[in-house]
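Dropping the structures in below, format is structure tokens.
Two complexes come next, and they have one chain in common, chain A, joined by chain B in the first and chain C in the second.
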Partner chain A sequence: MTAQVLDAPVRTALAGLLLAMADDEFVLGFWDSEWTGIAPVLEEDVAIASLAQDEIGHAQALYRLLAELEGGDADEIAFGRPPEGYRHARLLDHPRTDWAFTVARRFLYDTADAARLDVLAAASYAPLAEVVAKMRREETYHLLHMHAWLERLADGGDEPRSRLVAALERLWPDALCVLGGIEDDDLLVEAGVLAEPMAAVRRRWLAGLAPELERLGLPGPPPAPPAGCRGPDHSDDFRWLWDQFTMVRRSDPEAVW
Partner chain B sequence: MQVYEVFRREREGAPMQHAGNLLAPDPELASHYAREFYGRRQESVRLWVVPRAAIVDLDDPDLLQPPFDRSFKKPVGYSTEIKAKLATARSRAGTAPEHEKERR
Partner chain C sequence: MRVLTESEVWAALAEVPDPEIPVVSVVDLGLVHAVELDGDRLRVELLPTFVGCPALDLIREAVAERLAGMAPVVEVEMTFAVPWTSDRITAEGRGKLRDSGFAPPENGLESAFGRRPGDSARQSRAVFTTIPIRPTATCPWCGSDDTALENLFGPTLCRTLFWCNHCRQPFEQFKVV
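Right after this comes the complex of A and B.
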């Protein structure tokens, strides 16, 4: 299926999904790049910076899909909106904070994103299915990395464990937003873009996580996500980050690289 | 933390070559870091990640640099002689390569 044959409402819903996913990856990539130079050990510094770059790469691929679908320029979509124009989940509104917080957020995000990619793998919109196939290959490695860190912090003694538990408790409600705030996902299911609605993806994700959380004695999710999962109101922390990542472009929007 | 030595293969058929080393608390994180250090730019098709402690290290001069002349164990003398005979034979047959003709 190509962009031309999509009905207008399906196309709008698909554009909403692409923007949400792209903004999730983009904002997470920028938060995690904040560790460059100050990660716990040199090796992890290189690793987290590389993971962050991967997310920016995924965002770039998704912004390009959106530009093909709706017209426009991928860079302009990525950098040219005011903060309230971003549609990332509330999970990505929190600042970098400490290492346990970063691990907790990435663990929640990467596992939710994997569940989301699973239901997009057979998407009838071929350009998206191709990008998803590539993303899944890289995200497999991200997942392994974050599972490894989650276990080490959970079993790493009093301080790592208490920091991890505190981070999970703070992040859980907003993590539910990663698989929420997508409008008209039922239209995308009908059109064969999504294999099932987001609410079902979220249930599957949580069911899959439960055994690991139980084994490690870590807190689980609240019953429901907060209201306003994907903006337009974002935190002051995000506004600070936005200021950082748009700074160069705003200084000369017409510059050619 | 312990040191891991990393070997990498650049492309199928190429030999495994020493890439460098890294510090990691265990083999699992060592493999993640090896991937980031020596594979994140798609420059490797295979990595070996080896705890340095597992490497048998030989540097005893009595084993590796014995004091007597060992030049007779090198193939150099033999090959020099063969090359000279080959050059003579070619010259007789008039099939010497250009660079050998110039030398004479």
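Right after this comes the complex of A and C.
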């Protein structure tokens, strides 16, 4: 299926999904890139920089799909909006904070993202299915890595464990937003873009995580996500990050790389 | 005028080095998805190794530069039509990697991680069935299999770091993906 044959309402819903996914990856990539040079150990500095670079790359590919679908320029979509124009999940509104917080966020995000990519792998919209096939292979490494860190901190003694638990308790409600806040996902299911509605994807994700959280004695999710999962209101921390990542472009919008 | 052949195009492509690991060419890495000759038009489609690889534009430009003038119209495009996998690296490419101190990827993601990337949600794996399996590598310096994974990530997106317990040297592996 190509962009031309999509009904207008399906097209709008697809554009909303692409923007939400792209903004998630983009904002997470920028938060994690803040560890470059100051990660806990040198090997982790290398790893987190690669994770951040992957996410920015995935965001770029998704912004390009959106530009093909709706017209416009991928860089303009990425950098040309005011903070309230971003549709990332509330999970990405939190600042980098400490290492346990970064591990908790990435673990929740990567596992939710894997569940989301799973239901998009057979998407009837071929340009998206193709990019998702490629992203899933790369995200496998993210899952491996973050799961190793989760175990390490959970079994790492009082301080790492208490920091990890506190971070998970703080982040869980907003993590539910990664698989929420997508409008008209039922239309995307009917059109064969999504294999299941987002609520079902979220249940599948949580059911998959439960045994592992229980094994490690870590807290689980609250019953429902908060209201306002994907903006337009975002935190002051996100507005600070936005100021950072748009600074170069705002200083000279016509500049070429 | 002499007619351009596909094999001449492939020979030219084999002269374009990868910008990050110049011992191997874009053909050795299996980056070339399609070569199409249609009258005046030569079209080459390349597969990105990693979605976020910063060398993609460099690779596309280097290929376009090498092919320039071979046909009146030369198009070089990146495509996600099929996912590039490390299984696409040719036997010759693997030899060149090994000779320059890089371990070639040993097996595809399917066997390395016990998962088929094409799996749909309906046949979905549990979240953690993939986790206990780690990539393995043979030391490119001494040939020992007694090696340990040091870091899944490395100096570029496509590299993984290992340590050889036998000759006690670090080495990099082209990432299994």
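Note that in this section the second predicted complex is superposed on the first by the 257 of 257 C-alpha atoms of A that agree within 3 Å, B and C clash if a C-alpha of one lies under 4 Å from a C-alpha of the other, contacts with A are read in each partner's own complex, and residues count from 1 in each chain.
The criterion applied here is as follows: contacts are C-beta pairs under 8 Å (C-beta built on N, C-alpha and C of every residue); 3 or more make two chains touch, one makes a residue touch a chain.
None of the values given here were measured: they were computed from a predicted structure.
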Fit-or-clash call for chain B and chain C when the two complexes are aligned on chain A: clash
Touched partner set for A:V248, first chain B, second chain C, both or neither: neither
Which of chain B and chain C A:Y141 touches, first, second, both or neither: both
Which of chain B and chain C A:E43 touches, first, second, both or neither: both
Comparing the two partners chain B and chain C, which touches a greater set of residues in chain A: C
Touched partner set for A:E130, first chain B, second chain C, both or neither: second
Which superposed partner A:G208 touches (first chain B, second chain C, both, neither): second
Set intersection of chain A contacts, chain C complex versus chain B complex: 43, 46-47, 50, 141, 144-145
Residue ranges of chain C in contact with chain A within the complex: 48, 50-54, 79-85, 109, 113, 115, 117-122, 124, 126-128, 130-131, 134, 150-155, 157, 161, 175, 177
Parts of chain B lying in touch with chain A, wherever the complex brings them together: 1, 22-25, 28-29, 32-33, 35-37, 40
Interfacial residue positions of chain A with respect to chain B in the complex: 41-44, 46-47, 50, 141, 144-145, 148, 152
Interfacial residue positions of chain A with respect to chain C in the complex: 43, 46-47, 49-51, 53-58, 60-61, 111, 114-115, 118-119, 121-122, 127, 130-131, 133-138, 140-141, 143-145, 147, 195-196, 201, 204-205, 208-209, 212
